[in-house]
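Below, chain A partners chain B and then partners chain C, in two separate complexes.
After this line comes the complex of A and B, so read on.
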């Protein structure tokens, strides 16, 4: 079954590019939607996991694919966000001929992300993270406007630092462990973890992932890249791509590779807390919706890293849960921003106001996403933040727990400010003619809002089926 | 007994009240409802008198049941309340004619009656408390409907009585936890530390309802602002009945007050202070209604004093005084209402010589003023003698205080009668005529009852009052007939003569009946105190509001500080931080790379710390 997660997008990509022309343009979006939908079904529908006749494929690929509940959660998130991105792309892409190119990059990203979360080898992880990153650069620069090219260029330049660090790290690990598979590295670190070489390798890899995930102070590229990218790319990037290329790696390594390490936890806690603060305060003074949401992403990644830094199974589970929730509500917020941009031509909050009466569904779903992000019950964000705080408390990081709880007030502040400046109040005169977003955007909005609400409302059920199994990864 | 007459006693007035609120200003309908419902209630109360029984409806939660119990004491208070309600309802027809709030007044009157009946019948303390608080609501409503200024007075009354009721609430909770039950007929608590606290709290509730000091200060304001029948109805009669009824329940049943208990001197002191201070204030008033209102406070003192003595004569005297006071005080307010309606004012400086024009009112006034002053053989004389007797048995000082109270009472009523009904008539009062019949009838009935209860005091004492204590508490006692202690009667007569003498000399010296007590009002040591008292310097409500204002100012300052933190400091600080972050992300990629490298350095150092 597992190889299909890589092969299906890849084969689809080949088919699409062999067809080219009108035929390809016609089927492009349908194709990628079906692939993404197939991925969601494959994760959620138990019989699909045991699809027969994949053994030969595994043998053929020989990549050492491995799947556990962490991978499953990420595969699900990837499927959902790609679906959302496809919907946004279909609704917003201006030129017909760009469709195939866009969908091609999308399919490649899908394959790369799936590979990242399924592989069990440091070097392969590095390679697929890089492929994902390259797809990201391409997506940011997709519109070829001045701003987006600049944003992509900076992303690329800062990523180079990560590339160097990770490559060096893989080399050092090969030296230390004599192999790069997770098991080999884990064994080597457990036995000879005190050696400066091994420590340097770990530090380098972690720094690389910090860059990819946009953790402060490695975050400089992130707001520019998210905000200048085309709307569909913003959804994909903010929703899942940087999480897969950065945060997933952190989770995977802390859980399956690195031995329990107080120093690493200390770094994670500090980086997480600083990210929360910088992201939140940065978002506070933004005048542009997309910039605000980008800073908000930094802040939310901070929560995930903070949960991870507990070093306890509950903290890890909370981090994964928050990653999933973040994928949902941040995608939703970027779709809302795309809808606003499409209807008004701007995301500058100084020029917006009172859109709630003109775009009721967008406004309502945005409110739900805002409340979920800020951690207000009964939405899903409340539970994951709560579990993060509980995990911090249980692992005796009282100051961090209090800090995380207090900073949600700032989260609520900047998001409600955005909500007020864009949707609430009296409609500005020049916006009176604005209409609700088109169906292609409204549908994913409603779907994601339903998901975030349902996960929140059904949380008691999720606890048993989702959270506790997550705690026992390994 | 699914729906017995006991339940009907509460439900009938309540239903009539709802109807009265509903009919609105339709001419005569609310009046008809009021008179008919109070008459029906009176008939029910007469029917209930001498019977006993219980009516229990399960209600809300287990253990909380609406249990009403009719027995002698409740039947007696029910009857009295019914009689006064009927009188007030009849009286108000003409008095309130053409007032916009007629239907509201009748609605509140009937609702109050329902609550009073409920409170008197209640055998469960929670039911009692519910009715008690309901009366607080109707009290507020009846004062507030008068005018805009009345609203302030209503608020004042609401706060004072509300605070006292809150004490009672805590008292009831305490009693419940101590006794393990809230059913009154099953509670018999000792006066240990918790029991004492509970008793004090309950007593506060009871005497504040009766209008005793220090919970009195809204009554003079209400006398001026509220519709006059309200004064005859609530502070003069129903609230006294209810408050003293509950006080007697507390001291007789719930806690069994003994003369040697510390609570007895406490109650007696409160009573004596109330008598003396309130009557001193009454003495110098220049308004008919305001003067009466201070007497409404002062007379409570006799009842509290009497019951506080905890000896049979005192308790019988206190309860007898309760019914007597309710009679002549509501009757006196009725005469004030007649004067107000016909002369257009109750300001004594503008009244005078009305006796010729309003002979019936004047005659009623004479009877009831004599009764309140304790002139034999009227009812007030007999109840006061009983209280004197008991007070003297406990302490000579209390007796002297009560006696002094009598002197001032007599003096102030001589002044009032002289100023309003005798003396030269001012030209503006030339067209004054006698009050309408519907107002005279209740007045005459009450005056006649005052005479009856005095001359034939065996009836009220043997039929109404003494059974409240029960024969086992009164072995060999019968207080009917002429007072036993002739010496005390003699002293009382001397004091009354002194009051007359004082009045004659005073009015000669100062030239008018109104100024007859000016030598007391402007006596060197009293002048300043009176001036302060008139400004409200001794009003506990004003102290309370001043303290609350002080607290409010402090709280406001704290609130400002907190607001500053929220409105200035935290947005300012977070805004500044946000601006820093925003400015830092200026798009310079060397800077981004520099951050990353510094960050990486930190991570390297930290992770190598252990090595």
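After this line comes the complex of A and C, so read on.
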């Protein structure tokens, strides 16, 4: 079954580009929607994973893929965010040819992201992270405006540095371990992890992943890239792509490859805490919705890295849960921004106000996403942040636990400010004629709001069924 | 030893030439030369199949993707070309100096205690390596090339058609 996560988007891409013309335009969005929906069903419904019809194909195409709870969470997040991006693309991309091109990049991204989360080799990880990054550059520059091209170029240049670091690291790990599979590298690091060569390799790879994930101090490219990309691309980038190309790698290597390492945990804790602060205080100063949400992403990624830095199974589980939650509520917030931009022509908060009465569904779903991001019960973000704080406390990182809890107040401040300036208060005169967003945007808004609420409300069930198995906790 | 030094110098000159070329076409040719020299190095290190791949991909396929993108750009006028050359010189005049100093420093460094790298796969085993051991990398390479092709179509060819 696992090879299908790669092959289905790949074959769909080939079919789409073989058809081209009117036929391609007709089926493009349906095709990628079916592929993403199939992925969600395959993850959530275990019998779909073991369909007898797929066994001969899986045996024939034994690509050496590996799946565990972490991969499943990522596959689910990828499926959901791609579905959301498709809906936004359908509602916002007007030119037919752009739609086919967008879907082509989307299918490539899907194959690359699925590959990234299913493989178990350092060099293959590097290759698939690079393919994901190339798709990201294309998505950022998709509109070909001056700002989007500049955003993509900055991202490309910074990303090249990460590429070099990761490739050098893989070379050094090959020297140290004699192979690049996760098992070989893990064994070598366990036996000779203190050697300068091994430490340099680990440091270089972690730095590369920090760049790809937009972790401070390598976050400079992120706000420009997220906010200048077209709305559908912003949803995909902020929701999942940079998580897969950066944060997933950090979690995977910490869990499966790197041996327990106090120094690495110290670096993760520090980088996570600084990211939370820089992202949160950066967001406070923004006057544009998309820029504010971009800085908020840096801050939320900081929480994930902080959870990972605990070095305990609970911390890892909390980081994975927050990654999933962040994929959902940040995608929702970017869809809300897309809805506002579509109806008012701007995301500049100085020019907005009182849209709540004109766009009630967008306003309500935005409120849910804001409360979830800020860690207010009963939404999903509350639980993941709470578990992160508990994990920090249990691992005796009391100062970091207090810091994470306090910075949640700053998160609430900047997000409520955004909510007040955009949706609350008296409607500005020039916005009196504004109507609710198109159904194509309202539907994913409602769906993602329901997911973030359901994960929060059902958390007592989720904690035993999913969360503890994620961290290998019995 | 002299052969290695000559190869290294040729590699460095071609790489610096790629960064400092005024015309995109010249940059692509210099880059292809870099790949060709790297493939000679790989031959020299008894990795003939890796060398063949480097030659076919680095000096063949990738320049082809670049050329398809360059084909959609406009040729610079002589005046803008001169400005471009001046700009490149202002930006990168120090690059050859830095590279020369780095090369000199590298000849003085003696790395001790480095583990021996694993032996390159013998030519007969390359099919096994590609199809049985590194098939995910092959899949990744195919996706990377497709991503490059789609990017050229999305960002450059469509623009050409719209104009």
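Everything below uses one rule, namely that the second predicted complex is superposed on the first by the 461 of 474 C-alpha atoms of A that agree within 3 Å, B and C clash if a C-alpha of one lies under 4 Å from a C-alpha of the other, contacts with A are read in each partner's own complex, and residues count from 1 in each chain.
One rule holds in what follows: contacts are C-beta pairs under 8 Å (C-beta built on N, C-alpha and C of every residue); 3 or more make two chains touch, one makes a residue touch a chain.
All values reported here derive from a predicted model rather than from experimental measurement.
Undergrad: After superposition on the shared chain, which partner residues are touched by A:424: those of chain B (first), chain C (second), both, or neither?
TA: neither
Undergrad: For A:393, decide between first (touching chain B), second (touching chain C), both and neither.
TA: In the superposition, A:393 touches no partner, neither chain B nor chain C.
Undergrad: Between chain B (first) and chain C (second), which does A:174 come into contact with in this model arrangement: first, second, both, or neither?
TA: second
Undergrad: Which holds for A:6: it touches chain B only (first), chain C only (second), both, or neither?
TA: second
Undergrad: Taking the superposition as given, does A:134 touch the first partner, chain B, the second, chain C, both, or neither?
TA: Touch partner of A:134: chain C, not chain B.
Undergrad: Just checking: does A:278 make contact with chain B only, chain C only, both, or neither of them? Give me first, second, both or neither.
TA: Touch partner of A:278: chain B, not chain C.
Undergrad: Hey, which residues of chain C end up touching chain A in the complex?
TA: Result: residues 114-115, 117-118, 134-137, 139-141, 143-144, 146-148, 150-151, 153-155, 158-159 of chain C touch chain A.
Undergrad: Quick check on the complex: what are the chain A residues that touch chain B?
TA: Per the stated touch rule, the residues are 150, 153-154, 157-158, 161, 165, 194-196, 199-200, 202-204, 206-207, 210-211, 216-221, 223-224, 261, 263-264, 266-267, 271, 277-278, 281-286, 295, 410, 413.
Undergrad: Going by the contact rule at the top, pick out the chain B residues touching chain A in the complex.
TA: Within the complex, chain B touches chain A at residues 574-575, 577-582, 585, 587, 589, 591-593, 595-600, 602-604, 606-611.
Undergrad: So in the complex, which bits of chain A are touching chain C?
TA: 6, 10, 13, 63-65, 97-98, 101, 104-105, 108, 111-112, 115, 119, 121, 123-124, 127-128, 130-131, 134-135, 137-138, 141-142, 144, 174-176, 178-179, 197
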